[in-house]
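Could you have a look at this structure, given as structure tokens, before my questions?
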Amino acid sequence: MTLLYSLSGLSYHIQSWLTRLLGNTMAVLVSEMVIVGLCLIGFLVLLSFTLGYMERRVAAFMQLRLGPNRVGPKGTLQIIADTIKLLFKEGLTPTNADKFMFNLAPYIMIITTMLVTAPLAFARNFQIWDLNIGVFYVSAVSSISVIGILMAGWSSNNKYSLLGAMRSGAQIVSYELSIGLSLISIVILTGSLRISDIVMSQQNGWWIFKGHLPALIAFVIFIVASTAEINRAPFDLAEAEQELTAGFHTEYAGMKFAMFLLSEYVNLFIVSALAATLFLGGWMPFHIGSWSGFNHVMDFIPSSLWFMGKTFFVIFIIMWFRWTFPRLRVDQLLNLEWKYLLPISMLNVLLMTLVALLGWHG
Amino acid sequence: MSREELKQRLSEICPSVTFDETGEFLMAFFTPDVFLTQMKELRCATDLNFDYLFCMTAIDWKDNFTAVYHLSSTPFRHALVVKVKLTDKENPVLDSVAGIWKGANFLEREVYDLMGIRFNGHPDLRRLILEDDWIGHPLRKDYADENMIEL
Amino acid sequence: MFITEYFKTIFRSVKSLLTGMRLTGYYFTHPSKTLTQEYPDNRKELKLADRFRGEVVMPHTEANEHRCTGCQACELACPNGTIKIITKQEILPDGKKKKRLDTMIYNLSMCTFCNLCIVACPSDAITMSQDFEHSVLDRSKLRKILNKPDSKLMEGVE
Amino acid sequence: MLIEEDYITEEGDFVVNIGPQHPATHGVLHLKVWLDGETIKHIEPHIGYIHRSIEKMSESLSYRQFIYVTSRMDYLSAHINNQACALTVEKAMQIEVPQRAKVIRVLMAELNRLTSHMLWWGCTGLDLGAVSPFFFAFREREIINELMEDTCGARLTMNYMVPGGVMADLHPDFQRKVKEVIAQFKVNIHEYDQLLSDNVIFQERVKGVGYLSKEDAISFGCSGPTARGSGISCDIRKLYPYDGYENLKFDEIIEQGGDCWARYKVRIAEMHQSMSIIDQLIDNIPEGDFQAKTKAVLKLPKGEFYQRVETARGELGVFIVSEGGTTPYRIKYRSPNFSNLSALPTMAKGCKIGDLVAIMSTIDLVIPDVDR
Amino acid sequence: MGSVSLILLLICGLAFAGGGIFLSWVVAKTKKNAVKGEPYECGIPTTGTSWIQFHVGYYLFALIFLVFDVELVFLFPWAVVVTKVGWTALTEIVIFMFILFMGLLYAWKKGALKWM
């Protein structure tokens, strides 16, 4: 009771202090923001835990193994144990490193990741900021992460890191184009860059079904390019364990390393969520034409579940890639982009324009 | 080429050669002074064509070092063991065959490292297996190390 | 033609990638194919081969008798000096002196489990056990004395 | 005449050390790599990190004892190493090995070759970034290892060969289990193709990479799949048969490509050949002794003896110089990996770092065998 | 929530990364020595500096990327209005893309897309 009392007393004191300081409206806004921020951080941490656990389990099942199964029920707490372990690790900085840049890089990674979450539509009417250039915003902000990687690799004063960072620079920069072009092919259909508009336009069918062949091609290209964009196998050349030991984050340890890991998983979630939003209808339930009974049942499932389900489906596909394919070589990686994905996606944009102008996308 | 033909041919190349036929292969004893030219002849002569140096080692006899080259020819499938006796126990020196068989590069470095035979004309004669500042050559019979354990 | 070749390459590549994904997908959906053995939990079911070379042991009968005559054949056969046999002089009832085993020291930390000592033993006094959990916190515990205290040579073994 | 000039470090050269603690070197091998961007200008292998002086050690071990040490050289084909030593002693002492022992030896050696190639396949996938093949490769390997455990008592360093035969008779279940595992493997080997061989990324990674010309392969003294991938016929089982290989029907696999892909194909085809050898023998194990009668203390006559066998990685030669005593006067192991490694700088020159990993995994290096 | 949310997210990111690293700094035992400060190169001391002039191949890609990224920036507003403008928009973009595509082919032919 005393604790409860003191807590409410504390919050009352903070409330009154804020009101005195900022005035009534601003005080409410600030406290609201703190609550939202805490929720967001909690969500992202939970998300990366889930993805970490999921990745290990998926990998294990594909490799005839069981995966983590000791800590907690079915091994679910394993990832938390790992986080605690990382927390107690010494955060070393190499003697000859550029210390400022070295320590700044993890922040850049995390902040970029956080910023990209802004326009995502997690559920019906649930969006942090529904800005009118949502798609463009995502593609612009997400490419900041390459700066974080380059900073990390360059400042470490380690040859593996440098090679990894340079590879990742060329890679992310290149695959950005394909992602942009496949985003554009959906934008042509919707005529809007706003995420909520894109979701609403899929009310009577998802773009992957409505958009005919070009949408399918755009979807495939988007998945492939975004796998490369977030440095995941088979495009994990920046890390390339067998070649560069750990690539750009060779010198990072403890929590700083955890930040890179976390941002990788959150980025995975973001690109999957984007793919789900653009091609698979976001939080829109699955409807089939005039089967109203079926459609009603589908509507009954909450929109957030729809969104999460689709996102995790795409995440699973990307994980499936990782645990099946060998890694590409750096020149093949760039070949794939410049000689295959880019020309095809350019053509695809034209095809999509044709579809849109002929009005086939109904 | 049969063993007799081989003996005949070798005597042409090197008049001073002596043979030992106790083993599985024909063993020919060469002398160190014209060793390199004779080895080149073994490699380059079209009817001999010993292109495959499959084993090279050295033996520390009490009074000399013997370098042993196991040669065979991939087209003709005949084999020969070339032996060279180095009587200078203090500072054994032999010509390098690394220019004839590329694989000899590593093999000679190993022999130099463990047996202490120097090879003249080797492109990169350094210790291969042990550290650069190791003292002595372990495969010699008189090698002694205070940390060595007798079994 | 360049263009057809271009698209053929794409088609072939995608097909080969999908074949691989089908395989991993198959195993993902068939968890019964999992091969993991959960080791410390399956100690009971864990069955090692009869000939598994765990460590050298000297079997004793219930009457605390062993078969080792102290002939040192195993000590000679061992390539690493793992076994050390200390003998003592024993006076037999008929007054004769006879060499007998006093202690057989077996240093597990040096053993390579090559089985040569077992083969060498003329009286089958030692054998390999199936025990494989050898880890100890103190290295000196790996030095074992194989014959039990006050054990005797079995009757009839020479 | 043929040797390239020694590479001299220039100002501003980008020198990267790969190994000794690196995921792709399969042991403690240290490669000093001169880079130009990502392209390899020169490689200098530094070896000796696990040199255990096996040759010096063997000089103080008796002819029964020295066999076990050789398991520790190329630990993935321990049986075949042991077989080589046993054969040398038998050749020197002119021991007649019973027919049953010969067949058991060949069976064991081929099973060992299978496990070795399986591990190699898994590691090749792992090196190129695909983790799953590693686990698929271990599926059958584990069964064969358990089968070895049944008969020999150990899984990896078996020490099953003795001069004059084998140490113990086969386990009663041996034939049944071998047939089971071979039948299973014949089904599962298609998964190898699905997962790696047919995969476009894998093919791109290995085709035309790490070229070793036929002349270079001979000159470097390469052997085994590394040399056969360059088109050289060097299978000791065919050329200088031992232990009854002359009575068996199998093909020597030769590819002309000289690149990683050729070496890969040689090894995959060799697995099929090993299975066919096992098929031929498993139902025809003759009755009889598994060991010839030998004296308790072996003494080799004075002289020099050389015996070669085909291990999973190439030609292993055992060269014993005997003075007539109970221990060898000088012993030399001509290890296949040593010669194959010396060809690595030639193969990798002008390749990318990613290719270096592919080359090393298709040479299938076992570092303890290089260092001895 | 509008553009304020960006500031919120920025602060969130800072707080999260900073909090985590700070917490680790507080709880983790730090013991520095000279060897720990060395860069990791498989246990061998590094030769020379890692901060060297890097091969030009890396920058060629950045240059080509720049060309195409500008294209992308043009395409976004175009894509929004294309259905309203109609066939004119398509013709224009076909010409635009054709020129770019020629650029790509030129770079391809010149070997700029080859990784050095």
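Per-chain residue numbering starts at 1, and chain names A, B, C, D and E are given in the order in which the chains are listed.
Keep in mind that, in the parts below, contacts are C-beta pairs under 8 Å (C-beta built on N, C-alpha and C of every residue); 3 or more make two chains touch, one makes a residue touch a chain.
Because the structure is a prediction, the values reported are computed rather than measured.
Under the contact definition stated at the top, the chains bordering both subunit A and subunit C are D. Least step count on the touch graph, subunit C to subunit D: 1.
Counted by C-beta pairs in contact, the busier of A-E and D-E is A-E. The chain closest to the protein's centre is D, with centres computed as averages of CA atoms.
Relative to the C-alpha centre of subunit C, the farthest chain centre belongs to E. Rounded to whole angstrom, the centroid-to-centroid distance between subunit A and subunit B, based on C-alpha atoms, equals 64 Å.
Between subunit C and subunit E, the centres computed from C-alpha atoms are 56 Å apart. Per-chain CA centroids place subunit B at a distance of 25 Å from subunit D. Subunit B and subunit C have centres, each the mean of its CA atoms, that are 42 Å apart. Each of residues 17, 20, 23-24, 35, 79 in subunit C touches at least two other chains.
Within subunit D, contacts with two or more other chains are made by residues 14, 16, 22, 38, 61, 132, 139, 195, 199, 201, 352.
With touch defined as above, residues shared between interfaces to two or more other chains in subunit A number as follows: 62-65, 159-160, 245, 323-325, 330-331. On the side of subunit C, the complex with subunit A involves touching residues 10, 17, 20-21, 23-25, 27-28, 31, 33-36, 38.
The residues of subunit A lying in touch with subunit C in their complex are 58, 61-66, 69, 320-321, 323-325, 340.
Against subunit D, the residues of subunit B that register as touching in their complex are 22-25, 27, 51-55, 57, 59-60, 68, 70, 74, 77, 98-103, 105-107, 110, 114, 123-124, 128-131, 138-139, 150-151. By the touch criterion given at the top, residues 61, 64-66, 68-69, 132, 139, 142, 146, 149-154, 157, 159, 162, 167-168, 171, 191, 194-195, 198-201 of subunit D touch subunit C in their complex.
Per the touch definition, subunit D reaches subunit A in the complex via residues 14, 16, 22-24, 38, 125-132, 134-136, 139, 195-196, 199, 201-202, 204-205, 352-357.
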